[in-house]
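What follows is chain A paired twice: with chain B in the first complex and chain C in the second.
And now, the complex of A and B:
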């Protein structure tokens, strides 16, 4: 196809016309709001009134001195670490199962992926009902099999609630990461594995010395995604615990929502969002630098 | 900008939470005493058919969006019924009900506003916030005069009170009480003794508490707060704004202590029990009593038509009876934006008039066991237990609006009540001691006051 170039300016009009819609959309709905939110974070805007009073850095001062933000940060970090590790461990295990089964590969792959297709809200509701102290399936099963002493108020106990939300996130997310691990596992050259096998390497040795290094790229992707998802958890907390009991499951995103929408403090909520953005950038940077070093290219 | 984007996403989440919870206390308008006094005024029989088409009041077909807190099944059924009647009566006006997320209604409404989907007519609870933002249209005088009492802002009334305040008390299993010789307690100590006796008997928990919905905790909190704080200082919140009092006040600590005493009689797992489940506990003989509003009567009846319901108010430790009642600021409201369109304004006002016509309003009051707020009383199907509540409210030593329903100098900063309720749960569960809870409340209050201080702004 003959390109229409503006020779004087060197602009490729066809290319520009292809890029422009996406560029405009992205700029209008992502870039501009992001920049605007930086401004709002220095205001005490309530989200309804047209007045947007400028308050300088007082929102940020409050964030870094507030016990509630500290608590939300702690909860977010615990939850993120919990789901990053468990989601990836579970996903890798499922991927290995699917990769090695002789029959029903498609069935297992689909079955493990089903929770991913359920919305966060719906999965939250399902598990909330299952965790119910008096009528839920979890405690009922414990009672039925004679382990009644193990019954707990899973979402009502301050020491358990956060972990129980984490379990739901792992259950829901593991299938997604499994697909990435599976694709990576299937790209490991069989000749290298066979050569190691002929050399007498045990299955565990082959996995540790060959498979793991060769799928380290998948580790980088999955840990990055689970880190970001962990930091952004909202819907399950909204449905299952509303940040409670007390504040024991209130995460940064949930705090942002509560102060921004319930307490009418959009300015402060936006400042929390900006802090979260930097938190994601910093943690992701650290994680990338660690994981990238371990990646192996064939 | 970004807030809109976030709001869009959150709105999607919110739609998914429509199943959650139950609505909070019903809105307001009249005291039980007023209602009783006016009972003889205008009792009206429900007609066999109400879908008689009326002359057009709009110049073109008009559509209105309507949102209400639909977490309660009774509210949902009655609102649907009244809207259907209206749509049949006025063929050129169409009221479209939108799901209202009863569990977190206030934040849902704010989210709808953020994404530009503020309804034309709505059940309004955070009235002061929206009035200050110029988002509500004042109601015409002929609507305002339908009610025994309304709450005006600077001389204008923006809400038509759907019902009198939801009077709370102990709803109990009468059959169980009779079988075991338990009687209604006359004093606070007798109430605690009764709880202790049921606990010792061991066949069911004395109380069922729906702690997962923090507004349910609000029922209990307000009882203790009313007993301990408001009994000493009815303007406690105003004094906190002025800086002459704070949440380290001994009366606040006493409220927490009262709640700690009472909550030891709650069922196992009360923190994670939703309000929607407490009826099951009562009718399944898992708990003997619940503390809730009159809206529960119809839910109990629906769950077990043969269940024998009893009711009594919980006396305060000082021997007085303090109940929730009287008029508040919530109710049906019209969006100021919608009112710019003359047809929408006329249709919305007509809908409110229609809603409070005795034959239509009866549907709402009967379904929710609501105390009517109108001068013209519908012919209620109230049973004896409901009449007992109305009588008790009339005789109470003190009848007040919930602390979060007040406006003016005693108006709470947005969402401070939720912070209080969550802190209360922390104290009751032992996650936090009372002094540290009071300290945290003080800190949060100071922050909240920076953006909301009606005392300062009125000076």
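And now, the complex of A and C:
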């Protein structure tokens, strides 16, 4: 599948000219600032002044001893676990029903995808209004169906707010992962499923013994994506709770943003970012090693 | 084939398809309810929204949109959103496919290293490098201009775009390109005139997925565009939430302006959304 004499390890002028623009943009505006971040994380840069005082590892020391970072780390882990699990469970269920429903497959698939199209800010705003204690749709519906005792100040309650943000993320994200599960489900060979059904396997047995192992590749990719996306949630938090009530929905990314822009501590903010990158790499590594082991190829 | 198999298995349990359909309709209603709520609220007065959030608008009420355009610089916001999305995508289509083509068709050890380098970049969160990035943008004189976000969107599309184009290129036969070269095309002509037109589905997939991300982006335009005037639709909606905290009707009119274009593109081009997501997932 290769063209002409390109077994060599070098690179010719034509290839360079094809790749150079993409390479330059990528390097200049992603890699260079990333490397600069490593440097700034050892400074007390305020983001405005040209002075960038070097402070050694004191930012990192502060990160690992401050209660605020500990709280943000806890919130981030809870939120990420919450949405990874629920998003995948919901997405798999949607994919299974779209795969099996007899009428209107395409319509239902599109309908479940619609929330994915909406921006984080807009979806956060819509739900913020729906969660409103006095006038929100959620409490209004509870009252109308006679479950008035279930009405709550959904975003104002410290114990509920993080989960309520999680619900919005699951609603918005599930359709994307559904598409991936659906493609994977459609590649499961029907003759194997049918043979099992002739041998007397129940639908649940067929699902567990045949379908589930064969879609394990989709599990790996979907859990990877939802993990990375979960660790980076920002928009919904900024519009729905601003990290509150108290600090109960302040995640690592939100902390990074607040210390960087509201408190003028961009050196500390970049150090938080570096810790976040390591967190992504470590969690992703653990997850890959668990999920890859379970993958089955046909 | 597959359809037929499902039908034969299904014949035994007759009520099942109807129960499944009912469940599907119920879930669809739940998934679409918030969108429906936003759209109907945009056509209701504030009083009506507060009184009964789920009631339908009683008339074709457009005052929210009139107020939206009269009380804010929303036209500028729409203009900015469109320019950022369209210009970024045009430039991305000029830059990314070319690189992916070279990495796939003119593969050497060096291009493989570059490919891995691009993919590794997907792990780096934007929030990590945004502070130094803004400083760098100031250095280049693009901070506070539309060129700033555009530059960053191009950079941010390189990894996923390369992945998508490389995976699609595997399905494009090599013989056509060889024939073109024999006919005297230089490598640029071969790519743009022969291969690129065959990659239409891939280009459409990348443009719709990537374009949606730009259209909906918040943090970049919020921080990198000048604050003396409207920025983008998403940023305006965000600032309304604080500014008009008592005028939900106006904010809902803004959200409809954000959702409707995305929805129209999706309805027209949905197969490319599906293709792009599945091709990206299969390779990632």
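Here is the rule we use: the second predicted complex is superposed on the first by the 287 of 298 C-alpha atoms of A that agree within 3 Å, B and C clash if a C-alpha of one lies under 4 Å from a C-alpha of the other, contacts with A are read in each partner's own complex, and residues count from 1 in each chain.
Keep this in mind: a residue touches a chain if its C-beta (ideal position, glycine included) is under 8 Å from a C-beta of that chain, and two chains touch if they have at least 3 such contacts.
The structure presented is a predicted model; accordingly, all values stated were derived computationally and were not measured.
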Q | Simultaneous placement of chain C and chain B on chain A, clash or fit | A | clash
**Q.** First, second, both or neither for A:264, with chain B first and chain C second
**A.** first
Q. Is A:290 touching the first partner chain B, the second partner chain C, both, or neither of them?
A. neither
Q.
One more residue to check, A:180. First (chain B), second (chain C), both or neither?
A. second
Q: See if chain A has more residues touched by chain B or by chain C, and give me that chain.
A: C
Q: Figure out whether A:282 sits in contact with chain B (first) or chain C (second), or with both, or with neither.
A: neither
Q: Check the residue A:23 against both partner chains and state whether it touches chain B (first), chain C (second), both, or neither.
A: second
Q: Using the touch definition from the top, say if A:14 reaches chain B (first), chain C (second), both or neither.
A: second
Q.
After the superposition on A, what does A:126 contact: first (chain B), second (chain C), both or neither?
A. second
**Q.** First, second, both or neither for A:158, with chain B first and chain C second
**A.** first
Q: For A:235, select first, second, both or neither according to whether it touches chain B, chain C, the two together, or no partner.
A: both
Q | Stretch of chain B, among 23-31, 41-49, 113-121 or 239-247, that runs into chain C once the two complexes are superposed | A | 113-121
(Q) Residues of chain A that sit at the chain B interface in one complex and at the chain C interface in the other, please. (A) 29-30, 32-34, 36-37, 40, 47, 119-122, 125, 135, 234-235, 238-239, 257, 260-261, 266, 270, 273
Q | Residues on chain B engaged by chain A in the complex (per definition of touch) | A | 1-7, 10, 13, 16-17, 19-20, 104, 106-107, 110-111, 113-114, 129-130, 132-133, 135, 211-212, 214, 267-273, 277, 280-281, 286, 413-416, 418, 422-423, 425-426, 429, 431-432, 440, 443-444, 447-448, 450-452
Q. Residues of chain A touching chain B in their complex?
A. 29-30, 32-34, 36-37, 40, 44, 46-49, 62, 66-68, 119-122, 125, 131-135, 153-158, 234-235, 238-239, 242-248, 257-266, 270, 273
Q | For the chain C and chain A complex, residues of the former touching the latter | A | 1-2, 5-6, 9-10, 17, 20-21, 23-24, 27-28, 31-35, 37-38, 41, 49-50, 52-54, 94-96, 98-99, 101-103, 105-111, 114, 117-118, 121, 123-133, 135-136, 151-152, 154-156, 158-159, 162, 170, 174, 177-178, 187, 191, 212, 215-219, 223, 234-235, 237-238, 241, 248, 251, 255, 258-259, 262-263, 266-267, 270, 273-274, 277-278, 281-282, 284
Q. Which part of chain A faces chain C closely enough to touch in the complex?
A. 1-3, 6-12, 14-15, 18-19, 21-23, 25-26, 28-34, 36-37, 40, 45, 47, 94, 97-98, 100-104, 108, 110-115, 117-123, 125-130, 135-137, 140-141, 171, 175-176, 179-180, 183, 186, 190-191, 193-194, 197, 218, 221-222, 224-225, 228, 231-232, 234-235, 238-239, 253, 256-257, 260-261, 266, 269-270, 273-274, 276-277, 280-281, 284
